[in-house]
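What follows is a pair of complexes built around subunit A, which joins subunit B in one and subunit C in the other.
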Partner chain A sequence: MLEAREISAGYGIVPVIRNISLTVDNGDILVLLGRNGVGKTTLLKSLIGLLKPSSGKILIDGLDVTEWAPSRIAKAGVAYVPQGRGIFPKLTVEENLRVGLRGRKDRSSTIPDDVLAMFPILKERMNQLGGTLSGGQQQILALARALCSDPSHLLLDEPSEGIQPSIIRQISELLQTFSHELDLTILLVEQNLELVRTTATRCFVMEKGCLSRELTTDELEDDQKVFEALAL
Partner chain B sequence: MGAVITISLNAMTLISILMLVGLGLAIIYGLMGVINLSHGDFVTIGAFCLAIIQGLGGSFWLALLIAPLIGALLGFLTEQAIIRFLYARPLATIMATWGLSLIIQQSLQLIFGAAPQKVFSPLTTSINLLGVNYPSYRVVMVALSIAIIVMAFVIIRKTKFGLDLRTIIQDRDMAEALGIDTKFVYSIAFSLGTALAAIAGVLLAPLTAVIAQMGINYLAKSFFVVIVGGAGSVPGVVAGSLFVGGTETLLNYIVPTTLSQALVLVFAIILVRVRPSGLVRT
Partner chain C sequence: MGRISISHTPLPKMSYLVILLVIAFVYSAPLIVGTYSASLLRDAMLFSMIALGLDYLWGKTGTLSFGHATFFGAGAYGAAIVSTKLGLDPTLGSWLGLISGVSIAMLIALVVGYFLIFGGVRGSYFTIVTLALAVISEHVIVGWSDITGGDAGLLGIPPLFFPTLSGLAPLSPVVLYWFIASVVCLTALSLWWVCSGRYGLILKTIEDNEERAQALGHNTSQHLLTVFVGSSAVAALGGALYASTVGFVAKDIVGLILSTQVIIWVAIGGRGTLIGPVIAAIFVIWFEQRISSINVQLWPLFMGFLFILAVFVFPNGVLRTLVGILRKLGQRLEHRV
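Showing the complex of A and B:
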């Protein structure tokens, strides 16, 4: 369970997100919808410790991690797939995956076989540099790397951005597998409605630094309701 | 023929010292973006370690083991006490490390005086290389430096710590978010850099006057090395050292030393104009 209690955060004096409270329950795929620039990435960065909130608390399974360094939060089981994927371009695919192992509690230094089995396209390219992969392949690598830390929570920032529909469908299937078979608790920031509809168990809309409302899965199916909520 | 070999061997002597000093500087700059103006003084500290240890009756080889430990320890303390608070402020780092440099130089001078310290070369023989008699010590020094550089290369390419370093150089936030304790890696890397400088100091000491200001000369040259070679990679440091050390040694045979040093600077500037990312692109 991942919990934000009235957190505010930003880059200068003026906070970008204000008093956001949010709970991602175990087993949920909670989706955050919101237009460009409302602070979705800012919220995720605060949750994983890259941005220290100016007020409020962050809890993982009830443990207060607000003051923790991101590396410590990672080791507590929170994996992060950032907007833009965050692949290290000059490391090979294998090295990118190895870096993913740094978040493991058991300090194991072997890439788990079941992760490799889940991503056959990576297995063929272990020695290729991360920067030479296509956008879709990089996204798959980012997902695989996140799994290498054997996390309990997964935070994803617009994994569909700039990616072709067939890979988006693959990502959708993967997220459902992560949730159902690996028991991952997932927080997904996303704008692609297809991906949102096929994965969300809950959905919140974000507007100018605050959560404005919740959309039920039924409301999500209705284009009109979604556009209204997003004020498009 | 004999002259060519002598010049090459002399060049190799300078190049190998520059590689060691430059590598430490390149790690610190490439990884943390810290311009460490006190780096040369860790070379001095290494040389003074040799003087002290030999003064107490210890051997050169003992000093070669102890000096890097002292260099690492002092580097670690410097990082913990000063550098770590200034990472986001390059100008402040430059000022602080410059201040530290002055403090180290003045303290050494106060304690040990201005006269050169006595140090002894561990080998006084010479060996015959391709028909040229050359001091054995210099040959050993070059060999040791190459061995250390190769070791550093292997560490950076093949070990867990090396992977952490390469990861952080590319994207510190992402490295941290994946579970790498980047603060810890920074302090270890900084210590490693100062340890390398101290080793260079020991190796260099028998060939030069060991005084409190000896580091300045090597600081400037190793900055050229890093700028010319490209920061953040071992091959870059090797290429930069070959360029700076080779050019300077060669010019020294043709023009006065001061002029040759100025010319190296001019060449370095031209080279950086032509290849802004350095000789070796990373």
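Showing the complex of A and C:
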């Protein structure tokens, strides 16, 4: 369970998010919808410790991690897939996966077979440089790397950005597998409605640094309601 | 820090051959080129330790230090002061000096590095502060003349004593050369071995994008500090050995000029190859002696020319360019056969 209690954060003196409270329950795929610049990435960065909140608390499974360094939060089981994929282009696929092993609690230094089995496309390209993969493949690699740390929580920042529909469908299936079979608690920041509709168990809309409303899964199916919530 | 497992990717067979040849040449050099040239080579090897240390930092993590001569100087002056000023027996004092020199440099690196790295100072800001460190250390050496000898430097540093059949004695020049060659080779090989495993990957991810490395669970500040202190220790070991080998220290072994030269050695040799900067340092220093013996004023001109050449013709360093050419030749030969 991942919980944010009234957190505010920003860059320097510029506040970006204000008093956000949010709970992602175990087994949930919670989606944050919102237009550009409303603070979605800032919220994710605060949750994983890359940005220290100016006030409020962050709890993982009831444990206060607000003051923890990002590396410690990662080891506590929170994996993060940054916007724009965030793989290491100069490392090979295999090396990218190996550096993802650090967060594991069992300190194993081999890439788990079940992770590889889930991503056949990577298995074929283990020795290729990450930077030479296509955008979609890089995103898949980023997902696989996140799994290498054997996390309990997964935070994703717009995994569909700049990716063709067939791969978005694949990502949607993967996220559902992560949730149902690996019991991952997932927080997804997304703008692609198809991906949101196929994965979300709960959905919040963000506006100007705050959570403005919750959309039920039924409301999500209704274009009119969604556009209204997003003030489009 | 957690346990870091090291598994290694095998090198192409050629590289082992090249490494063996280089080592064989280094060890047989005093017998081939004569004692005087061997002593130049020996000093060049000691200076190359700064390049090795800097490449461990700059080449592996992308963090450029403009003050690495400071640590060489701290090692050398630390060794000189402890072995000459404390009234110790030279047989003991020389070794104690070596250990103190390296420890003092590591302590400086630890304190400076801790505040810089954990304070979030990165990139060019880090470089500028280390540049200031180089300037400060130069002033300390000149200004604190009671201890450091000021402009005159310190003389009479005892050589290292080794147990021999007739009691403790300094090594003969050739054996001393071999001892120093072994220290340099061993340090270079161990750094290379350590960096060729998963640890090297982690450093590469830090160079690539530190935030991502953090989000994957790597304590990047701790890694950077370890590398910074380690790289200073390598430079300081060179400096401390230099003090006991040459017998005197002067202010030209600290400060900005030497720090800048080291950066040029690393750039010419190939950043991140570890062995490249060592070879480049030795070669450039040897070249400097040759050119300067014709005309002292010619050298800065050549140095500038070499640097421009390194930037335009060998942007990846001479070593990588050579390996690339050899590889292409090898492929062509295979095609013909």
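Here, the second predicted complex is superposed on the first by the 232 of 232 C-alpha atoms of A that agree within 3 Å, B and C clash if a C-alpha of one lies under 4 Å from a C-alpha of the other, contacts with A are read in each partner's own complex, and residues count from 1 in each chain.
The definition used in the following text is that a residue touches a chain if its C-beta (ideal position, glycine included) is under 8 Å from a C-beta of that chain, and two chains touch if they have at least 3 such contacts.
Keep in mind that this is a model prediction, so the values were computed, not measured.
On the superposed subunit A, the two partners subunit B and subunit C do not both fit; they clash.
When both complexes are overlaid on chain A, the residue A:71 reaches subunit B and subunit C alike.
Applying the stated contact rule after C-alpha superposition, one finds that A:91 touches each of subunit B and subunit C. In the superposed model, A:161 lies in contact with neither subunit B nor subunit C. Judged by the touch definition given at the top, the superposed model places A:219 against neither subunit B nor subunit C. Legend: residue contacts after superposition of the two complexes on their common chain; A:107 is shown touching subunit C, with no touch to subunit B.
Common to the subunit B-facing and subunit C-facing surfaces of subunit A are residues 48-50, 69-72, 74-75, 80, 82, 86, 88-91, 95, 98-100, 102-103, 109, 145, 149.
On subunit C, the positions that touch subunit A within their shared complex are 2-3, 5, 7, 198, 201-202, 204-205, 208-209, 211-220.
On the side of subunit A, the complex with subunit B involves touching residues 48-50, 69-72, 74-75, 80, 82, 86, 88-91, 95, 98-100, 102-104, 109, 145, 149.
The part of subunit B that touches subunit A in the complex is made up of residues 160, 163-164, 166-167, 170-171, 173-183, 282.
Taken in their complex, subunit A has these residues touching subunit C: 48-50, 69-72, 74-75, 79-80, 82, 86, 88-91, 95, 98-100, 102-103, 107, 109, 145, 149.
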